[in-house]
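Each structure below appears as structure tokens.
Each of the two complexes below includes chain A, the first together with chain B, the second together with chain C.
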Partner chain A sequence: MAQGGYVGKILYVNLTDKTTEEIPTSRYGQWGGGHGIGSAIFFDRVKDKTIDGYHPDNLVAFMSSPLSGTLAPSASGRTEVTGIGIQSYPVGWFTRSNFGGRWAGMVKYAGWDGVVVQGKSETPVWLNIVNDTVTIEDASGLWGLNTHETQEEIWSIVTGQPDVREWWNLDGARDSGRSTQKPAVVCIGPAGENGNRNGCLLHDAGNGGGQGGFGGVLGSKNLKAISVIGTGSVPVADPAALMELRGEIMSKYGYNVDDPVLETPFPGVNLYGILTQQPGYGPLLWAAKRPARPQGCMGCYRNCRMNHETGLANGNQCVESLYFMAGEDQDDVMRAVTLLDQMGINVYDVFQHEYLFGLYQQGILGPGKQIHSELPWDKYGTYEFMEAFTLAVAHGTDIGADLKDGMTRAVVKWGRWDIDTSNGTLTRPQWGFSEHYDPRLEVDWSYGSLFGDRDINEHDFNWHVHWMPLVTGAVGQDPLMSAERMAELLGAATGTSADAFDYSPEGIYSDARLDAVTWHRYYTRFWKQSISFCDWAWPNLISYVTPDNVGGTPTYEPALFKAVTGRDMTMEDGLAIGRRIWNLDRAIWVLQGRTREMEVFTNYVYDVPTKAPYPLLAKEDGKWGYGIHVGRTLDREKIEDMKDRFYKLHGWGVETGWPTRATLESLDLGNVAEELAKADKLGS
Partner chain B sequence: MADDTKTAEGKEYSRREFITGIGGLGAGAVFGGFIVKGFMLPDEVYAIPASEGYLLVDTKKCGGCESCMLACSMVHSGRSNIALSRIQITQNPFAGFPNDMGQVQCRQCPYPSCVDACPTGAMHADAAFGNVRMVDEAKCIGCERCVNACPFTPSRVQWNFEDKVAQKCDLCANTPHWNKNGGPTGSQACIEMCPMKAISFTSAIPVQSETGYVVNLRNSHWGTLLFPTT
Partner chain C sequence: MSDENVTAFEEPTVEQVERWLRKLSYEERLTGYKMTATAGNTKVDMYSLPEAVLFLFGTRWDSPMLQAGFKGGINWVDVTELVVWLRDAVGDTELARAVEERVPTGESYHAQSLVLHELFTERVNQYRGVREAVMAVAQATEAD
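The block that comes next holds the complex of A and B.
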């Protein structure tokens, strides 16, 4: 069968020497795409894994997948970013981020499966990729512009027009291709330029690659933007099969906008969209108040974002949209979100500004206080405050001088890290990342984050085990299915067991639970981070619109992979590659200094009981239900016992958490074992 | 060619029938500011049978996901390439709705300038497929007169720089990489793949406006999402 998906070469750019190299994708084909390829290239080309993220030798990969730029539903739009991050604490782990939109498709149309940058330019530059032509351009005219202005300026430079909407020639030749499209640009704003640890990547209006601080990493390399425009083709092995599969997926699991099977009973309650997956539900806690349309990444069949009449907060979703929830006027809410995007700041680091306000209220922070700040704290809750705060972070002024190192390091500097993560006023459970879901309860989330490199941000189980009962309960409905049925479906779709999804005080430490955590790590490393299935549509473990509630996983991912690439890849084959990638990453963290002793949560996770009702699937007294789990913590000893079993399950030394030689060799990672051996860091 | 008064089938059209055929109300929009080469108006006119199918796009329902472009290029050429799509979505992510996106589909013009411009008859109204205006690739000599003749911006005719032929929307009449039959009596890939159901098909010549065929495909369920239904 014809091979498809990949376009065959990866662009490597040495920013120090201003040279480029073509890496044949086939050299890294075994890793699938995205994250797998990024980690493998990193391992090969970064000899000293102990360097800091700001070091010029740090290698950052922007990698597509074989499905990018094709009709694979909700698997075409995302770009995976890998490299040493500067956000996590106390060590900037080798980490990942990703962003949606159209960059991943466009880089392939230009003829590249991805772009890898290493080194540091002496002066600001941007990469201008027009099909095969790669130019390292002077960015002195762009430095200082916000992320939106930067992109508009690049569009003008490359297309000759500020807002091209007609055919334009990519170069002078008749047959090099024409496009009606603008270049797809990923860039940094002032926060990244200033090397902020919370500097993010931004593409188009609201596609942010936030976690890891890659905006600051690029800033330290003097790399302002990577622009891609292409007119080439992505080969598809079996187009007719891809059409059929997508048609099936849309009809079975899609939201029929003209006659939906499951429709929100409360127009305006976008949170209900988690269940319906209706277009435009992305901002979750607010809906369009002015005329708007849904907006989706390339090839998506859900279109979860929105574009608005004002142009504010276009393309935003999730926590980005929730940056200023105290705003009474929705226009101000959207204005604050837009400013955040334009400054290029990772919302997940600064959205806990409420914690800082708490310090102000306690008299610890403010004009002339122990933590000096002259921002208008007395106007907290207004747009005036948000604007001042956002600009201070972006430019490193006022309290921004500390916050540019991320809120965690600022709090450490202020001497408040231990006390406030112990009393639970600062909910940052591991590696300095803000809490996302309750680490005391949703343990696949907290364990996955702890044994990994960052807040995982992978909602695979979370949409169902937590959000479904929460949303239906909040609007006064019965749950859409029984807890027992949910556990059964999750167990079946993942090939684990119903008990793997028991979040009871006993269930969270069980061996079955570790099976779920493990499946999660392997599935996400391969199918999502390497083959670009989007977190807001995949996996499809449960459907709320099919008659039997069975979802599309594990049937459709392998089928779509085969239709595009022509390669057989079962779900298990993919999980095995995920395991390989996970262990490669683990080896990098070990070389960076990971120890068993470091893998502990901050104190509030163990010492402060949960206070708010938290709907979550659990089996208690032998009966499945969606409990509220008030008064719960994690237990230090039980966590240590769990670590023993987790390490053993993963083939890592129990005392250290380091992969053993046997494990690495069984995964065909003998070269990795050698490097760990040289550093005297093999598990035993 | 302008002197011909017969269609390919040898039928004669009167001027009145011709004007009726193009939906007189829209005549200004079709010809607006644009002088037809060699078109002579009195009693004998050159005419082409109207297409039996038209794509309608609800410009406010489109989500900009470009699935239509991915589908179109793939079912026609077997490759995924938005630069080869016969329907184009243009966007400015920073602009305000509804000016943030444009949907550019061929209107299967009742008076097709592209057909008129073609010196070889490659661009023609295909009787086997309900008179859809399409390219017989074997006859295309790559002069690109059709590309330039399209009165709309961007041109609805593309130069396929990989296969070196002109191409345009044929309502999926010729889609070797799809298991469904296309053409005006069949299915269209863009319609089927659009997750917002923002594209529909009609066999009646649509009413024209300055900006295109005006169509509203949004029902009350769209309003439930708090999106505008007008």
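The block that comes next holds the complex of A and C.
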């Protein structure tokens, strides 16, 4: 039944026998939405959790949240994807990905809170969802098309017109609704069709769900795309309260284009947008030297991306812009990113192509070398090279025959993994994922990734503890607030303590730090990944544009949740559900084979000191500051001691890292405890 | 830059410019770091002086770090390592010395990059002048 943010049902599709089923959302309402529901359905319906991601029984959930499709600010447009991934190493863990845009809202307008797919079609298919009507269509005509071509073709098929800018009837019946909207399509490109472990999902121009390799997973299921279009609406419990909250948040924390509170001292420096958050700041690595306008996900007031007059790299932001930074021509840089999107490749797996060039320079890789490749390595740094490289990865040709299995597995195959992750030539600290923020320093990021399943990619503390002092210091400004004040604000907003944000060489192992790491795991599992608050806007722990610098967390997340759902939910209530989801995921990883011994970083994290300055909040000799922190490593013994304490804190067995029966039962996860007991994997 | 701060580089020869612009080996590379919000600190290896110029000053290279037109990250090199690299790997000892003497220590990286930009602008313009002269001679010879 549709009420309070939920539209009432989840679509289950069995691709093997081509049947569909409606799952009442209320059956899983206790999990909130998004990730929580995805994990719970996975647990219920995948009996053997030890299967790999390519197995037909793997279940992939595309979930919205109660806030999706509403005007909840920066919390309406993101889709959470869960299932067994194929990217992580050595095991493809049960994992998550997430993409922005308008798919999550549109699926609700069609009357579904999410779509779950399982099984494998014998031939290529795509799902066509038009309100309540669901058809499994032949995709033989789409197979081989790139992601942009695929979506354009589906738009034409569904709307029945080549130019999708006119009113059209959804199914020709008088009362079924008319729309000017294009269907929201999430699809895979050639990389996904080939089962690449770095195959991504793509929606609209540049909304990618990269991590996990879900493009390759869908390819293995012969599922090319899921298209949704609807003419319904989302029930909001208190629309007036929602609008009032939206206005308040925009007014307090938004960027006022007419009279900005905070401005970059150097016009055109996109990097400073991390602090000002002006529209269009998301593609941090390229200044808008071309005609462009800000673009955002459904319902967002920040609009962090850009659409360009050239049509290149539209909607791209964040890491995509790193793919070809050596390009001398900006259009070439953006052309390379566009090609990557069209091929459906996860940039975060392949942007370390510079490592490969280093192998070429050493005479290890190249024509007739130990790693044979006939790509034009002598033209590295040109678009010609980038095009050849991208196509090789997508189609599995030349060196792409190895790289389609992901950079990590390729390097393992070449016998270089131990050498190059020990000397720091290849910086992949855990589970085969590329280094993001330095694991030796920003330990909430690295611990969260190590105890989880992927690079967490959650910037919550990072914007403040690292980026604010880095950006202001680099441009010769004083920090926007004292380190002491920042620690105090972060401690207050998270309900932990100022010492929980001490990144000093001693502080990173402290119990207080583990409190912050724990808050982070619970907050993100619920408020971000289940209720879909966007990583680039929430949590709002500190504000640089209000006089007292106090951010909107923990006030606004529960208030928005209540306005939409009508349910009272405190921040702590949400964190409790986050803890429950975190333990359910942990149980799945344990069933997949996770042990304490596996939770270690690669050697460079312990043995190779950091070199570049890394401003970071820390308390040293009793005084708070933003040091530059060079020469840092992690200590193996201290990490093992930290693990003892972290496992105890979470109610997991110290020897194994497995959840105990008492812990699971206290979280009302007795059924999960039973499954672990049957596998003889309960912690003690 | 005020007149008294102008560094007067000696005019290089054609042979010197060709040598300083050559591709370097893996062992001779310079490593910098790209600091971006998208991926933290990412190592970047540079195998020639033009690659270092591109890294430090962007695709238009006529803009110092962080000025309009530069890519939005911070491209960082250790100035001490840069001096050693210019002197020992590239071989332009004059440029190396100027960097060592003129780039302020203890200042923000932005302040350092402004001086680096001034020095590189002057020196690379000299490189260009020499190369253009060579090309003009070559074209005249071909015309003969």
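One rule holds in what follows: the second predicted complex is superposed on the first by the 680 of 684 C-alpha atoms of A that agree within 3 Å, B and C clash if a C-alpha of one lies under 4 Å from a C-alpha of the other, contacts with A are read in each partner's own complex, and residues count from 1 in each chain.
Everything that follows uses one rule, which is that contacts are C-beta pairs under 8 Å (C-beta built on N, C-alpha and C of every residue); 3 or more make two chains touch, one makes a residue touch a chain.
A quick note: this is a predicted structure, and the numbers were derived from the prediction, not measured.
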Simultaneous placement of chain C and chain B on chain A, clash or fit: fit
Contacts of A:Gln181 with chain B and chain C, given as first, second, both or neither: first
Partner chain in contact with A:Gly473 - chain B first, chain C second, else both or neither: second
Chain A residues touched - chain C or chain B, whichever exceeds: B
Touched partner set for A:Ala612, first chain B, second chain C, both or neither: second
Partner chain in contact with A:Ala662 - chain B first, chain C second, else both or neither: neither
Touched partner set for A:Thr310, first chain B, second chain C, both or neither: first
Arrangement angle, chain B at one end, chain C at the other, chain A at the vertex (C-alpha, nearest 10°): 100
Smallest separation of CA atoms, chain C relative to chain B, angstrom: 9
Chain C-contacting residues of chain A that also contact chain B: 267-268, 287, 289
Interface residues, chain A side, partner chain C - complex: 266-271, 273-274, 283-287, 289, 318-319, 321-322, 325-330, 333, 351, 354, 357-358, 361-362, 381, 427, 434-438, 442, 459, 463, 467, 470, 473-476, 610-614
Complex interface listing, chain B residues touching chain A: 60-67, 70-71, 73-75, 77-84, 88, 90-98, 100-102, 104, 153-155, 158-159, 161-162, 164, 177-180, 189, 192-193, 195-197, 217, 219, 221-228
Residue ranges of chain C touching chain A (in the complex, touch as defined): 25-26, 29, 33-45, 47, 51, 54, 59, 66-74, 76, 78, 107-111
Residues on chain A engaged by chain B in the complex (per definition of touch): 69-71, 76, 102, 105, 109, 148, 151-152, 163-167, 174-182, 204-206, 230-236, 239-240, 242-244, 246-247, 250, 254-260, 263-264, 267-268, 278-280, 287-289, 291-303, 307-311, 314-315
